[in-house]
Structure formats: C-alpha cells, structure tokens
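Two complexes follow with subunit A in common, the first pairing it with subunit B and the second with subunit C.
And now, the complex of A and B:
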C-alpha cells in the first residue's frame, strides 16, 4: 500500500536491491584488489561457492535441521512450560507466593550462564540446546500467561462463569486463548530468541548445527566458511520471519477489523 | 389492575417465586469508608414476568443484578431463586445479557452461541445444530462464521441474546442491553426480545434508566431510589400484548402510565443529580 508522499514499494525494493548489489560488488572488488584483507573478510563469490558446495554435497542439511529442531522444539517446550507455570502461579496462591519472586530474580539473570550446567546434565547433543532455548523462552511463556490471566476482561470472566464454566473450562475457553493471542502477537520476538539460543548453544559446544559450522570454521581460520554460515543464518532468519508474519496475520483473523 | 397480568398471578400460585428478595442489602468498603449501594430491598418476581427496574444512573441497579446472578455476595438480607438460597452462581437457571457485549473475541458467532451448550455437556453435533438454529432465529443466518469484531453493534447484541437464550435459562437478567444501539435497531431488538420471551416463557429482569423502554417492554416496573437503592414504587403496566414497542408509545394508556411513573422517577433523578 502506498500513501501520498511515499515512494512506491517497487521503487523502494529496487533501491534496496541496488544497495545490496553495490555492497557485494564493492566487497568482491575490494577483496580482489587487496583493499580489504581477503583472509579476514573473504569474498562474496568464495562464500557463494562454499554455500553451493555444501548444498550440492548434502553437507548442509543435517546442520540446518539440527538448528531448526533445537529452536522449534525448545520454543514449544519453553513456551508451554512457562505458560503452565504462569497459570499455576496465578491459580494456586501458595505456588504463586513461592515461585513469583524466584521467577523475577531468575529473569534478571542472563540465561546463558546456565548453559554449562545444562551441558553437564544433558550432554553435548540436541537435549542441551533444546534446554537452553527452552530456558530462554520459558520466561516469555510465563509472563504472557500471568499477564493474560491478570488482565483478562472482567466482563468475559463474568459471562463465562454465568454460562456455567468449570475452572477447567475457563482455562480452555478463556485463559488459554487469551494467552495464545498474546503469544502470537509476540511470536516473531520469541522465534528470534529461540534461534539465538540454538546458535549460541551450538557455538558453545555441540556436534551439529549452523552455529557448529561457524565455530568449527572459525577455529580453522576458514573465513569463507564462517561468512557462509553467517549468510545462511541471515537467510534462515529472514525466511522464518516472513513465514511468521504471514502466520500471525492468519491466526489473528478474529482481530482483523480492530487492526484495520 | 389490568386483566393482562392475571395469568402471571395464577402461575405464581403454582410455582415458588422466580426471585424473592427480603431485606437485601449491599455495601462496599471503600477508601472513604463503607458505601451502601443497596438498602433493605424486598420484592418478589413471579415466574414468566417481564420486570423492569428503573432508577437514576449509578443507583445500584447493576449491583442488584450481579447479586441475583451470584457474581457478587449480598451483604445482608435473604435472596431466594425458585425457593432456594445459597450457591454463588446458578448457571442452569440464570442468563445474563450485559450492557457491553461479552462475546469471546477469538470465537466465531456460531462458536460463541455453542459455548453454553458445550459447557453443559451437550454433544458437539447437537450443540452446533441448536446454535445454528438460534443464530438464524436472531436473524444472523450467513454470519455464523464471522468473528465479533466483524459484526456491527446490533449484530453482536443479537449474538449475545442467542448465546443466552440457547440454553433456555428460566431467569434472564438484562443490564441496559440495548443502550448502545441506535433507535431503529433498538426498537427492532426490543420487539424481537418480546417475541423470544413470549415463546420461551422465561422470567426477565431488565434494568434500564430509560422509562420509555421500560414501559414499552414490561409487565411490571419497580422504581428504585437514588443510591443507596431502595424501592420507591412498584407499578403494573396495564398494556395489552403482543406489543409493538414503536407503536405503543403513542397510545393513551402508554402515555398515562408513563406520566405516573415519571413523577416518581423524576424526583429520584433530581436527588441523584443534586448529590453530584
């Protein structure tokens, strides 16, 4: 949609593409001419060749799948577990009094400090990465559920009670959908965090994954491979984000008029 | 007393009153001490009756409905629903149509209307069939799969009505349900409500501050005082049924009863204004 005074979208796209192309050409020429150190920044064509090689040989897929799996499984477990704890805290006052202060303290701690412990407990494989991602996003699930319960429309609450809902039915028809609605709104943020967690986990110790490729290449001073890993991460992130933006619109259909 | 209310009284003799309040009181503890919202209310609502509660804004009408619904505990007095007291919420026999729409925004019109049936353990297919029937009855066929945000205010109100009528509550509480609608929509909805009520045979307690609406709809009108709510007057409405709420307003009998009740209500409205 273009409003008056704004350049049309196609022109914006063209300028963006031109800028990216110019940067790539500048990088390539600069590295070939020796203005940039090829050892440190490599060259776009070299990076492209590495990616092509990985794709063709099938080397890439297990790593790509591993990163995806860690991010997605960790995201699901973390959000669900966090939300479950949030509901417990809100509906069981005794649990709330014990858990709530602990959660706000833990939330202030960078979750990455727990990773060495997670590796000790869960090993170097998928489980510790999933654990790290889940630890990071669990707080989002927790605070989303707590917020959804706390801010629930009192009128809807009264209505559902009048209609005869049991506590379980209230959870199902009122609190869970409200929490999910908030989660969908923040889905792109939480997916971003999940990928950060997965790749961080792979940096620190793992057998597989994009982060693992980047770290391995870095140890061997293989700049094109490091750059290829970074490029793949960026493409992956952009693709996932575009997909999520679509899903968000689809899942928020009930809000469409309010948004318009 | 008009003959039109005779059947109500004969029915009352067979069954216990739908609602019986004796010395009902409600006070709230606020920052400035205790504030009485309702004081010493004693009244009886007969089964099948359409009772309007009128009173100045903020007089405690909604509080009274909330107590009858079981959403708020009373501070004093007794309240019996069909001869039974106790039980905080009585979902089987009570329906409540709020002033603001209380539809679940993430459910479609049909899913909202199905909800009370599903909560009662009615099987999915049957709930769906009954809900579809009610969505059609309130004139929204074709809008079953719209979300509340995609419906107009009048349509949302119809869905709210269907959501309440679908489980056939014997008492329906209505808190200024049509206040937010434009006049034409409002008259349409009022006529439809009367038709649905005549068919369902339920008891309706309808709160409004609009006396014209009350006279057009009710069998009986209770005028409440400015806060704290007490009973100022209790009128039978001697108008024949079926009524057309738009046409009946011009009849002599309507104007007559309206004038009599307005004399009571006016003083209470003045009293509530003087206090602010």
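And now, the complex of A and C:
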C-alpha cells in the first residue's frame, strides 16, 4: 500500500531489480570486453557458477552455517549484554558514573586487535568468533539503550510515577515498549557489523566459514571464489535485515499511530 | 511480503542447520589431531596438501581411528601462537617461528622438514631489459610482502650477495597476493621478491623475468652457503610425551608423502592431478618448487644453524641467543618413519 505522493511499492521493486540487473550486465560485459580486469573483479557468471558448484557438492553448508552462527549468536549476546548494561547505567546513576568513561574509552579501541587474545582465551572454535562479534556490537547495544531511555517521554514518565508504578512495572510497561523500536533499529545497524566481525574472525584463524573460504582463495588468486564469498555474505546479511525490517515495522506501529 | 517469506524460510533452514550442527561438535567418537596451517594454500606446504590429496588423512581416520583436521591461519605467527596456546597439536610453519618461540622462552619442537630451500624468487619487470641481475637494482623499487617479512630479508640477502647495499634500493610493501599482482601490473615496483604461485604466473604470463631463484637448492646454497630450511612440521614437547604414537603416525604420513613426491619429481603433472579439490597449482608452479623439496623429512643440523646465523645477521634474533639444535629439533620420529617406511 502506498501513501499519497509515494511511488507504488511494485514500481520501486522494479527499479531496484533493473538497477541490480544493469550493474550485473555491465560487470559481465565490462569483464568480457577487458574494460575491467577479470583477474581482479571476475565475472558474475563465473561467480554464479562457483556458488552453484558449492551448493551442488554440499561444500557450502558447513561454511555458511559457521558464519551465520557466529554472526547471529554474537549479535544476540553482544546486543543483549550491551543493552542490559545501558539500562543499568541509566537506572543506577552510581554505576553510570563508573562505567560511562570506560565504555567511551573502550569503544575507541579497534576490537580486532584483541582477537589473537580472544583466540587464546576462548579457543579457535566458534566461541572466539562469537566473542569478537559480541564485543563489536555490544557498544551499539549499550549506546542504543542509553539513548532510548533518554528519549522516553518525560510527561508520561511523571504520570506513571504519580500513579505509583513500581520500578519493575515501569520497566515492563514503559521503558521496554518505549525502547523496543530503538533496539530493533540498533539491531538492524549491527547486522552488517556482526557479519564483518564473524568473517574477520574466520579470516584470522578458522576451520570453516566464509572468511575461511576467502582467505584460502586469496592465496590461490581465485577471484570468483572470493567474490562468491562476498556475495553469500551479502545474501545472509540481507536475509537477516529483511526479517528485522519486518519486525521493526511491526513494533513501531504504535509510534506511527501516535505521530498521526 | 514475498521477500520476507523468502528471508524467513532461508533463515529457518540455516537455524535448523545450526541446531543440528551443534551436538555434532560436542561428543567426538574419533580422537582428533589438529594441524595449524599459516597461511593456507601456499606452495611451501605442498607435502601437507599432497598428504590430503593422496587420501592419507582419510586412511588414518579409517584404519587408525585418528581424525586429522586442518585449521587455517592468516599467517605463520598466528599458527605458531595457536600451537603454543594449546588449541592445536601440530603446526606447519617456517623454522623461524620455532627459533623465535625459543628466544621468548616457549618450547616448540621441529619434527620434520618440508623444504630445504626458500619458496621465493626475485623477478624484474620484463620491459626493464637492461636489468639482467640483482646487481643492477641499485636505486630501484623492490616489492616485498611487508617490511621485516621473510621476503624482505630474502631480498636483502640477494642484493647483498650481488654487492648491492640493501639500503640503496627502495623497498615497497605490496601485501598479499592480490595487491602484489595489482602493484606489479601497475608497475609500482621494478623488481619483486615473492612466493608462488604469483612468481610462476607472472613469469609464464610474460610480464616478469626471473633474476634470482631461491626455490631451488642450488640457488639457496649459493646464497646461504648451505641448505636453509623453510617450512616443516612442529609440535609442543607435551604432545610428544603425551601422545608419542599419534606423533609417529602424523610424521609417518609426511615421510610417506615426501617419498611419493620425490619419486615423481620429474612428473609434476601427476602431482598436480592428485592435489585435493580446489587447489589449482599448475604443473609449472610445482616444477619450479620441487628442487628444494626434502627427500625424506630429515632435519639437517647445518640447515638449522644457517637459519639461526642469518636471523642474527638480520637483527631478527638476539646475537647472544644460543640454543642447542636438539632442543629445537626432535628427529627420532623421522628416523623411525624412515626405517619403518610406514604409510598409513
């Protein structure tokens, strides 16, 4: 359903599909004609053939599952942990005073630097990848929670307090619903970061995963394989994002009603 | 709407797959041996990939109830760190990492040599016709992977051996294979010291000429005065004491593979055909590297001392550092494998 002045959704989809198709055709033709170096960018048909081969032989699944698992579990743990700390900081000012400077400082440190240490502590299996993803997205969860709590309507807050709501009731009936839409938006922003973290972790040391495929293929100059790895990551991230976008629309329905 | 359904379906399948994958990693019926490889898919680890391609690891699992898993690392230091940390039982890296580990008080043992020559060569841009030897590189730009790396040291040795002050050239770090290829094609460097398959690819493609080859034993001996071990298999002393039988079986596999490779050194096509799926080294790449291949895995004390001497000379090792060869090398397993001749 489109609002007045907005193009219909089918038209938008058609334009998006046409743009993607044009880019793929341009890439294929460019590489075939030698305008683009096939050694560096490969060709969409070659990339497609590699993916098809991986799917058919069953080679892809353990790698895809490993990356998905590291990204999604890390994303869930990191965001939940970060958000919990964010709520704690907002509700207990003493904790906030202690934690806030540490969070700002730690957020400025590139987490990948710690990855060799994470590998030593958590082993080189799934746990270290989950740990890396969690440390990357936790800050986003933290700052989203802090920002969301600050955004809660002060008037509504005062009214709920006057009505004698307990802290637990306020969390359940006011803070959580009010911050949920923010959290989902934070979650969507973190999806890309989570996949970057998972693949970086696999790239540093792993037995399987899309990062593992990319690392091996790079040393053999197998550009189609590298591109196939990247394309699959995009598909994974897009699938998770589409699902979250749907959740976001669902959970923020009340806000649109309020704005109307 | 349709996209959401697709996304949900796709994610549901993946979640199911994650769910089914989890218990499988829990209880393991077959004992597992993990070998760290850093970096993966480089020609310096040919015996490792050949053992896999010939089905020796599968045989170990089937007949000896021992599962071998390869774990890939971005570089040799990461692989050695994983071995020190206890996450893996063996590693295939360069001897340099064993020596550096000892310097830092970490005890690692080199079990077996893969190559007695360096898997590198120096090339020059094909259109620089006046440059026919490293002696003519004074003032030129020389590509290396990164400053302080093995290719950097190799380049310095080659230049010094040709009476060129290494500080008189400009070293350009070109990074990993894809960026090195880009740098070469854009002529960001005049010469380059690099590894295969890039070297063979550029030479065969006509854009490069070989001016010094360290991949052959002759080229290495001419440069260092003796063989210079590059890659091989190492482990921790506690693995040797805790699991001597497992160690022997792993060493047996590599000695057996080295013999197989040695017997086919004039037939690189046959070697290429038996590589594991996905490894597409051409027979030319394999031929260029076979000269430095160890015959039976034995670790030559002279070759170990050459590595130590040059590490000190390059300032990469404390000049006061000393370590007896038998603290670096555990040669008994190779000896037994040679006498026993046991393939799995």
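The definition used in the following text is that the second predicted complex is superposed on the first by the 204 of 260 C-alpha atoms of A that agree within 3 Å, B and C clash if a C-alpha of one lies under 4 Å from a C-alpha of the other, contacts with A are read in each partner's own complex, and residues count from 1 in each chain.
Just so we're on the same page, contacts are C-beta pairs under 8 Å (C-beta built on N, C-alpha and C of every residue); 3 or more make two chains touch, one makes a residue touch a chain.
Keep in mind it's a predicted model, so treat the numbers as computed, not measured.
Annotation for subunit A, partner touching more residues between subunit B and subunit C: C.
With both structures placed on the common chain, the touch criterion links A:181 to subunit B but leaves subunit C unconnected.
Using the contact criterion defined above for the overlaid structures, shared-chain residue A:173 touches subunit B, although it does not reach subunit C.
In the superposed model, A:155 makes contact with subunit B only, not with subunit C. By the document's definition of touching, of the two partners only subunit B reaches A:165; subunit C does not.
No residue of subunit A lies in contact with both subunit B in one complex and subunit C in the other. By the touch criterion stated above, subunit B contacts subunit A in their complex at residues 66, 69, 71, 89, 91-92, 94-96, 98, 100, 102, 104-108, 115-116, 119-120, 147-150, 163, 167.
Contacts from subunit A toward subunit C in the complex involve residues 37, 39-40, 61-62, 64-65, 68-69, 72, 116, 119-120, 123-126, 203-207, 212, 215-223, 226, 236, 238-240, 242-243, 246.
Of all residues in subunit A, only 155-156, 158-166, 169, 173-174, 177-178, 181, 253-258 touch subunit B in the complex they form. Subunit C contributes residues 3-4, 6-8, 10-11, 14, 17-18, 21, 25, 36, 38-42, 69-74, 78-79, 81-82, 85, 87-88, 176-178, 181-182, 185, 197-198, 201, 278-281 to its touches with subunit A in the complex.
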